[in-house]
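So, here's a batch of structures to check.
One chain, chain A, links the two complexes that follow: it is found with chain B in the first and with chain C in the second.
Entry: the complex of A and B
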C-alpha cells in the first residue's frame, strides 16, 4: 500500500514512500540493535517511534499538548512513513474512525489529551469489547475545573476499567520505547486490544531529554489483521463484535451472559498481555534500591522526581527505594507485592487530585504488607511536584512532625 | 562548574523567544558535553502573554523534570514581568534559593517595593542588569535578537556552554536538525527569515549579539572563571 493521493498532493510520479524503503524487523531484534542518543523533545521521540512502527493509518484531532506530536506525524505521512493520515472533525469522529481502520485490519494510531480524551470516551469505551488493536498516545492534561492546558494525569483513572491496556511513560525515552511495544502487544492474537501510551503532557512532550533510538531504516513487521482474536472485516468476514443483536440490547439474562463473556474475555486478554510487556519493556516494574524500609511507588513523570529524591537521600546516607510502575493495565500486582513486602513506609507521589495510583497500591497491598501507605504527596492542576516536596514528606514522617499521619 | 547544578527559571513575554532561548542554552550545554533538560510553560500562544521556561544544567545525569519551583538562577527577559506582573510567578523571585542570581534585561535598575527589596536581601539574591534589548538593537538591528543576548549573558555567568557550543546550538536551531518549539514559533521564524533574507546573515547577527553580551558580563566582573570569549570564527554554513 502506498499513499494513494501522492500525485494529488504534488508528489512526482516516481515518488517512493520512505516507509517502503525500510526493512521489516521484529521488535525482539530491534531491541538488540545499536542505538544513537539524540537530545530531543518528547513529541520528537514519539515521531521517531511512529517512524519505525509501520503505521498504516493515523487519525487525530488537535488539542494541546498533543497537537505537536501529531503535527510531527503529519510530516511522517508526507515522507511516506504513514500510509494514510487525516485530521478528524473532532474526537468522537477521530476515535470512531480509527476503530473502523482497526476493524479493517490495518495498524492504527490516534492521539489526544485530557479534554479530548473525555470527549471521545464513548467511542474509546467501545474499543476493547470490539477487540480493536489501536495505539492511542495520551499526553495528559488538566480536565477538571479550573481548566488548564497544563499536565495533570487524572484522566488515566478514567481508562482503568475500560479494558484498554494502559502504559504510563516516565520520560522522552519511554515515549519512544513504549509505543513500539504497545503496537506489538496490542496485536498479539491472545491480546487483540487497544493500548494507551500515556505520558504527562509538556513535562515530556515539550521538554527535551536524551533519547536512544535505532536506525530509521528499520520498521516493525506489518499488522496481519487476520491473525487476530477477532478477524479483520473484509468482503468475506462480516464485522464481528457489534452490539447489534436485539437480545443484547434488552435487560435480560442474554444481555448479562453476552456482556459477562465479552468482558471476561477482555480482562483476561489484559492479563495475557503481561508476558509480552514483560519481554519488551524489561519488566512491568523497575525497582531501585530493593529491600529498603522506605519505598516510593510512582508512575509517569513522578518517577523522575522520585529518582532525584532517592539520589539526594543517598547522598545523605539514607537508602530509599523506588518502584516505577510501567504498566497500569495490566496491573503488576504480584510484582508490587514482592517488591514492597519489606517496606515500613510507602509514599505514592502523584500528579493528580484523585490519587488513583494510591488506591491501586492500597488495594494490592492490603493483607500483604505491614507498611504505612501514605496518601501522597500530590500536586495537580498542572504543577510539577518539586523533589523537595518528597524530601519534606520523608523528613516529616521520620520525625513524626506535621500532620501527614492524618492522610494515611 | 563550581556548583553541581544550575536550575534556571526564565520568564518573559510571548514573542520574545524565551522558549527558543531555553532550547538553545540547553542544547548548547549538551553539545559541550554536559547534561541538561528543559521544559517550557505557557498558556495560549500569543504575543505579550506571560511565558516561562526552565532549564536544568548539570555535570551528572538529571532525573527531575517539570517546572523549577526552587531555581538558583532567574532570568527576566522583560522588565514588565516585574513591573506589570506579567508572570506566572509572583513575585518574580519566589522560590529563589539562598545566594541565587537574578539576571534582568533592563538598561536601568528597577525600583522594587520595600517588601520585595527586603525579601531579596534576606536570601542574598544577586541582581545583574544587562541591557539585552539595546544590545540586540545595536548589534543585530532587531530587538528579536534579545533572547540571543540573554543566552550570551547567562553562558558567561555559568562558564557553560562555551561560546563555540552555544554557536553550534544556534546553528542547529536555524539550519541544522531544527528544534521543534511550537507552531507559533514556526510562523515567527518565517517573519525573521524574510527580514534577514538569508539564514547565514541571521546566524551571524545572532552570534554577534551573543558575543556582545558575553563580553558585557565579563566586563562587569560577573562572569564565571571558565568564561572566555574566543576569537570570532567564520561560520561554516
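Entry: the complex of A and C
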C-alpha cells in the first residue's frame, strides 16, 4: 500500500499527505536556513532528517538498535512524509526490494544493524554495480558470537570495498545532517551510488544530544529517476544493457573486460562523490588543533571521546590534535596526509577489535609521515571508551611506559 | 511513449539490422498478438542459447506473446536456464541475486506505481523452480501474503538445469538426481496448495502443450495481478538434458506429464473471474468488429 491507496488504509478522502505541503529547496539552501536546537535521541534526529528528505519509499525490518528509527519512519509514512513504506520479511528481502525501488527511480531508504547487515550483504554488495542510489542507515552493533546487541562498529569494515559510499557519524547532529547529504550525493549523475550512514548504536541512537534542525516545512527536491548514470528501469527510456547481453554472463574475455571496467567506474564514482560531500558536510574531515605533534584520528562516537581528551589535555597546557573522519568512502586520503604531516604521534581510537580505521590510516600515511601510528586504543563488544583510556595511552607514550601491545 | 524508446532517430534506421527494423515495424507493441499470428509479427524473443529442443525456450517465447502490454513490462529473473532466453527478449530485465526475484519485483512495482500512477506498468517474475521454491521461497511467500501486484511464473523443469541437474524442491519424490543419489526423499512441493493458502486471486498450472492456452493464461495472470495482487503460474518446462528426454520426444513428454500429474488447472477468485469475464467480453467484441 502507498499514499496512492491511503483511503484503503483508513485515511479520509480529503486527507492531504504532510509531505505534499512541504516546500522543496536545495540542500545548499537548506544549509543556510536558521535552525532550532532540540534535545533528542539519534533515532529522533534521523527521523527529522528523513522528514525533510522527500523519501518516496522506505522498507523496514526490525533489529536492535535500528528498529526505533525505522518505526519512526513508519510514523512519517502515516503522516504522509514518505509515500510508501512496509515491513519486509527479513534483510535480504528488504535490501533486494529497496534495490528494486531504486531501479524504478524513486528515492529509497532502508536501515539495519550488525547481524542484519551481514544477512543482507549479498544484496548490499550488488547495489553499487547496479548503480542504485539508496540510503541505508546503519546503527552499528556486535555481529559475532556470543550474540550481543551492544555497539561495536566492526561491520563497517565489511562495507569498505563494496563500492558503497560510507559516512560515519559522530553524534545525533551528524545523524540529522549526514542522511540529507547522503541522499543528494548518491543521486548525483556522476555518482549514482548507494550510501551508508553509519553511527554507533545506542551511544548515538538511544542517547540524547542537542540537534539543530531546520523548519519541517522544507524538504529536499524530489529524485529524478532519469538524472542518473543508469536511468530508471521504467520503460520510458532505453534500458541499460547491464546483465542483458549474454557474453557478460559467461567466462570469456569480453566478460572479464566488462566486469573490470564496470568496477573501475564504480570506484571512480566513489572518488567523484568527494567534491559533493566536501560541499555539504563542510569538508570530508574536521581538524582540531592543526599542526599538533600528537594527533588523534577517529571516526564515529570515538570522536566525542577524543574531543574530551583533547579538551582535558588542553587544560593541562598540552596541545593534542584531532582529525575527525566523516567520510570513510570516499576516503579523504590527501586531506589526512596534509592534516597529519606534522604529527610525531598518532592514536587511532576505535570501537571494534579489528582496527579497520587504523589500517586505513597506516596505508594512507605510509611514506608520507614520520609519525608513530599506535594501534589503538580500542574497545569492543559494546564497551564505551572512557576518555581516561585515551589520556592513559598518551601518558604512556610520552613516558615510554606503555605495554607491549601499545607499541604494536 | 514507451514504444518511442526503441525507435531510432530517422537517420539511423537504415543502418540498423533487419531484425531491429522488424521489431519496430512489426513488433507486438501496442496490441495483443495471438499464437495464430506467430510468423506474421516480430517476436520479442527469438534467438536464444537454450539447448536444442528445450521446452522452456518454447514456453518463454509464448509468455512474451502473452504479455498484455510488453511496452510497459519489466521482467525479473534469477540464475538459471530461463534467464539465458529471457535476457534476449526486448523487455527490460533484472538479472538479480540468487533468490531475490520477488523482493526486487516488489520494489520495482511499488516504485513504478508511485512514479506513474496513471500508467499501468506490469512486473513479471519469471525464473526456475529452484530460484523460487528453494533459495527464493521466503521472498516468494511474502510477496504472496502481501498480495504484491505482480505475476510470478515458475519455469518448473524439476531440477537445477543450469548448474547441472541437482535435485530441487520441485523434483518428484524418488527421482535420482545429482545431490539425491538415492532418490529424492521428499514430495514435490505443493506450490499450487500454498498459493491457495496465500489466497491468490489467480493461480494456474500448465504445460506448453497448448500454445494458445499458455498465451491466454499469461494474459489473465498479468491482468489480475495489475488489478488485485499477486498471481502465479506453475509451468512444466522439462529439462530434456538432465531427464534424458530425446529431443524429438520433448513435446510428447509434456503431453504425458499433463495426463499424469501436470493437468491444466486454473484457480480464479470470484472477483478476478468477474474482472476477467468483463475484459474478455470486450476482447471478443473487438474481434467481431
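Note that in this section the second predicted complex is superposed on the first by the 392 of 408 C-alpha atoms of A that agree within 3 Å, B and C clash if a C-alpha of one lies under 4 Å from a C-alpha of the other, contacts with A are read in each partner's own complex, and residues count from 1 in each chain.
Throughout what follows, contacts are C-beta pairs under 8 Å (C-beta built on N, C-alpha and C of every residue); 3 or more make two chains touch, one makes a residue touch a chain.
Just so we're clear, the structure is a prediction, and the values are computed from it rather than from any experiment.
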{"item": "Superposition on chain A - do chain B and chain C clash or fit", "value": "fit"}
{"item": "Arrangement angle, chain B at one end, chain C at the other, chain A at the vertex (C-alpha, nearest 10°)", "value": "120"}
{"item": "Contacts of A:115 with chain B and chain C, given as first, second, both or neither", "value": "neither"}
{"item": "Partner chain(s) touched by A:384 [first = chain B, second = chain C, both, neither]", "value": "first"}
{"item": "Chain B versus chain C as contact partner of A:283, first or second or both or neither", "value": "neither"}
{"item": "Partner chain(s) touched by A:39 [first = chain B, second = chain C, both, neither]", "value": "first"}
{"item": "Chain B versus chain C as contact partner of A:68, first or second or both or neither", "value": "first"}
{"item": "Partner chain in contact with A:92 - chain B first, chain C second, else both or neither", "value": "second"}
{"item": "Chain B or chain C, by number of chain A residues touched", "value": "C"}
{"item": "Contacts of A:103 with chain B and chain C, given as first, second, both or neither", "value": "second"}
{"item": "Smallest distance from any CA atom of chain C to any CA atom of chain B, in Å, after fitting", "value": "24"}
{"item": "Chain A positions touched by chain B in one structure and by chain C in the second", "value": "none"}
{"item": "Contact footprint of chain A on chain C as seen in their complex", "value": "1-2, 5-6, 49, 71-74, 76, 83-84, 87-88, 92-100, 103-117, 121, 138-139, 141-142, 146"}
{"item": "Touching residues (chain side chain A, partner chain C) in the complex", "value": "2, 4, 56-57, 59, 83-84, 86, 88-90, 92-94, 96-106, 108, 122-123, 126, 225, 232-239, 243-246, 249"}
{"item": "In the complex, chain B residues that touch chain A", "value": "23, 26-27, 30, 36-41, 43-44, 63-70, 180, 182-183"}
{"item": "Touching residues on chain A, where the partner in the complex is chain B", "value": "39, 41, 43-44, 67-68, 71-72, 149-151, 171, 200, 202-204, 206-210, 301, 304-305, 307-308, 311, 383-388"}
